[in-house]
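Comments concern the structure below.
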Amino acid sequence: MKKFIHDFHIIENKDLNPGHFVLTLKPEVNLPPIFPGQFAEVRIDGSTGTFLRRPLSFHDVDYDANTITLLVQRKGDGTNRLAVMKPGDTINMVYPLGNSFHIGSSGERALLVGGGCGVAPLLYLGKILAKNGIRVTTLMGARSEEYIMEPERYKGHGELLLTTEDGKAGTKGYVIHHEVWRERNFSFDRVYTCGPDPMMKAVARLAVRHQVPCEVSLEQTMACGVGACLCCVIETNEGNKCTCTDGPVFDPNDLKNWLE
Amino acid sequence: MKKFIHDFHIIENKDLNPGHFVLTLKPEVNLPPIFPGQFAEVRIDGSTGTFLRRPLSFHDVDYDANTITLLVQRKGDGTNRLAVMKPGDTINMVYPLGNSFHIGSSGERALLVGGGCGVAPLLYLGKILAKNGIRVTTLMGARSEEYIMEPERYKGHGELLLTTEDGKAGTKGYVIHHEVWRERNFSFDRVYTCGPDPMMKAVARLAVRHQVPCEVSLEQTMACGVGACLCCVIETNEGNKCTCTDGPVFDPNDLKNWLE
Amino acid sequence: MKPSLEVNIHNLVLKNPVMTASGTFGYGPEFEDFFDPSVLGGIFVKGTTGKLRQGNPYPRMAETPMGMLNAVGLQNKGVDGFISDIYPKIKHYGTHLIVNVSGSTVEEYIEVAEKINALEHIPAIELNISCPNVKEGGMAFGTSCPSAAAVTRAVREVYHKTMIVKLSPNVTNIAEIAQVVEGAGADAVSVVNTLLGMAINAETRRPVLSTVTGGLSGPAIKPVALRMVWQTAKAVKIPVIGLGGIMTATDAIEFLLAGATAVQVGTANFIDPTVCPKIIAGIESYMIRHETEDIKSLINGLITV
Amino acid sequence: MKPSLEVNIHNLVLKNPVMTASGTFGYGPEFEDFFDPSVLGGIFVKGTTGKLRQGNPYPRMAETPMGMLNAVGLQNKGVDGFISDIYPKIKHYGTHLIVNVSGSTVEEYIEVAEKINALEHIPAIELNISCPNVKEGGMAFGTSCPSAAAVTRAVREVYHKTMIVKLSPNVTNIAEIAQVVEGAGADAVSVVNTLLGMAINAETRRPVLSTVTGGLSGPAIKPVALRMVWQTAKAVKIPVIGLGGIMTATDAIEFLLAGATAVQVGTANFIDPTVCPKIIAGIESYMIRHETEDIKSLINGLITV
């Protein structure tokens, strides 16, 4: 997949809740093909605390409008700087990077499990899966009602299930506590997950128990994003692999100590 | 003089020409007393190239409006960053710093000689001199017509003389070539000057020739602005002195090798 | 409960571990408009030599990526000037005043130390064997074990209060130098002075500094300083005072975790003259948030397993 | 007139002085989408050891003020893997490919160098005696004169093309090491590898890197690297290749003025994968602006009087 370095203009910067916002961005050229699960390395100017680029997943890609969206969680200097950027501001991106989620065949049923900001790549994934005739169920785990982000967009291409820690919306607890995992309810051919490592590990173990393939999307810290620095490694059964080129999407069976 | 550290809001950012702009700033509190020749150490956020504060002279102080203005020349990262700041943006300043120009007695006639951005402190100086009953003549040297900045403001409190390098406005040449320096024209009791070192040296020598006192305002590179780091020194007849506390205004007679 | 920020450097009791670094805080009066100096754990005053010195020619400063180079070169009034002009103004500050003792020869260090020893309100000195900006002495003493030991031992003979030695980072093995200095009688070490660096103006093709090279300070050097504090703290029993690039309470806590008993704040004073009280308050709120009652439990608190 | 950017490192003729630093450019294919590698003066490929190595555990990276720490620890396929899997893909790049030779023992360096010596399209090696991220060998060789000389001399016996030795900045006197390495048969030196640094997460009270310490690179170290290039260039007759924090053409020119014959660009490749062609173009326009016909006139061009 050919990689590019392009300037993008901010079209919209929308707060979803105090911790998260969505940026809509437009490049000056036509978007190249981007697959679900891929990410961009975003240059953040105007912040003394961000020397390196920041990896962010493609949340959505709209070829008609020639725009992409990023769903970003405020963490530190870089994401806080992005949070205050305004329409018209420019950011530079190296993209599309990494491998992508495997798209099953038409008629399959897929469960997409996202925790917190981990839902970011699952919107675009769900859309593409649906387009390929796959029945999509998104299971979203949020801290509280306020953190259920953009539910309508997920419902646009399938079913949306929810968990919140206090149970005010959806099932009470974490994503793994949702009734969808019960033997009699579970009717999926494949599981995709993105979120905190402990959540993904638990989801991966559930997928194993249900004997369906699973894919996880990792977030190792990165310096280059293109396979040059070897900073973003994850231990696999075949030795260290780069999350930025061999991943970010992995089969948890290949990852060391992931299913224990 | 008590020093403060305050946030200022930008009220206006006006381009004068491609190289210069004027910022009008308002603090959240009432301005303390500020004397002509003093400067502020300005913190420039959002630029990876500016770790240290930048010293900028008070171009004007308006106690009624509770605002100050800075006349800034684009030089590098810091001033270029200031140039794009917008009304509402905040900058932090440590101020007022340094000594100030000596204000003569009522009835005196003063010649204020500024080259390029060196006119910055001379506007406020002229206003205060005029307020104290001193007759003010400002001699401004500009590269070309385009670089004659805010002439009306200087005319508000006295006479304005001009030189440009191509002679399209005012006298052709540098400030030292202006006819005001001719024996028969020169009728001043005191000279003040700010601008590039070679210009100030030439002006200081002319003042000596005319046997009137002269004050020059220096721009040594600074780190702290408060007399702590000893980086901003200038050689005087009594040893190294700090431009930020003993200056920026000096009597050229005290400066080593300045009148040779 | 209000957490305790008190730490001990030899027999100095500091009300908190935040002190100002030599050469970056003047003598204190420069910052009086911004805060009361008595809130500080201590003040390390400007490098003081036997005689008045004019220092190096201008330019003495270059800004670098998240740092700065200085080549001040120990401009100061000399020890007699300090005693007559400055000491009277600051002796009642209500915090520890520590004189940074510098020199070109062992004799000069001894002369300054002896004179400072006589001052009632100066409980400690910091032997600066690491100034990169003077032709003679300075860093030359601090970059070899025998000379570091020699000057330390010589001053120890004449100086009877708390003697801190400030080490140079421009060495292959700082732990070794620290051990030697400990053996020669130092009561504590400050780690680190500036890294030797250089800046060039590509347009004029000239060095930015009159001395070509200068000392690098600021956040740029923090990772190196932190590593050196960690190495030194493991190697010696005397307290280590950590410095180099500290801008925030978090930075200061990192140095404590790495093994520093106290810290000094240098270049940050130029960026924000009120940074020290902010760092003290930030350490306190970190401790409250982490339910740390005594700051001493942070010192050397790095978990490496 | 188009200025000449050609420089010579021993008997390598470089079309321009801009090369990529080992470990920061992969083997080249990683950047093919961004520009044609043949525009480069050369490519220093990733540190290559006798056997395949997995390197250090994750996390291996920490961002620091205008820099980064890495603790990759020489993860690579080993020299045989390089020869079988990588060499065929890059040997026709149209630029000089230089293998960064690393090891834990003198024997390992010899083994790798001998095997690389046999490769037609590899005209030079860079002996990495300065890796701070391995337990054995690496920096330990580069921080003492006898060991630096020993490994250089041993490899010189078996390696017959251009041999560059990459020096560690973590030393008291880099000029001395450079001289020793020159005496032991090096054809050029690269100055510098990373500074040993450390990062701590104050919230978790743990080191950020799995190895506690790591190598600091990026603009933060530029003033130190520039100073070391200047000191080294004055001390040796062989060419010095300068690196450490170069982000722009201006930075590169500063290194040339300080005495470097060529430069390497490292961490900057992560910030902007197209930075190298920009630096080459920027040097050319600087030369046009300054009416410099031959880049060789910039080398050592610092005016210090």
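Things worth noting here:
Letters are used for the chains, namely A, B, C and D, taken in the order the chains are written, and counting of residues starts over at 1 for each.
Note that in this section contacts are C-beta pairs under 8 Å (C-beta built on N, C-alpha and C of every residue); 3 or more make two chains touch, one makes a residue touch a chain.
Here the structure is a predicted model, which is why all the values come from computation and not from measurement.
Most remote chain with respect to chain D, judged by CA-atom centres, is B.
Distance from the chain B centre to the chain D centre is 47 Å, each centre being the mean of its Cα atoms. The distance from the centre of chain B to the centre of chain C, each centre being the mean of the chain's C-alpha atoms, comes to 36 Å. Between chain A and chain B, the centres computed from C-alpha atoms are 55 Å apart. The centroid of the Cα atoms in chain C and the matching centroid in chain D are 34 Å apart. In chain D, 64-67, 218-219 are the positions where the chain touches two or more neighbouring chains simultaneously.
Contact of a single residue of chain A with at least two other chains is seen at positions 48, 51. Shown here, the protein chains touch around one cycle, each chain meeting exactly two partners. Working note: touching chain pairs come out as A-B, A-D, B-C, C-D.
Within the complex formed with chain D, the residues of chain A that make contact are 2-5, 43, 48-53, 94, 220-235, 239-240, 245.
Of all the residues in chain B, the ones that touch chain A in their complex are 45-48, 51. Interface of chain D with chain A (complex): residues 23-26, 30-31, 33-34, 46, 52, 54-55, 57-61, 63-68, 70, 72, 75, 218-219, 267, 269-274. Residue ranges of chain D in contact with chain C, taken from their complex: 62, 64-67, 69, 143-144, 170-172, 195-200, 202, 204-207, 212-213, 216, 218-224, 226-227, 230, 245, 250, 253-254, 257-258, 286, 301-304.
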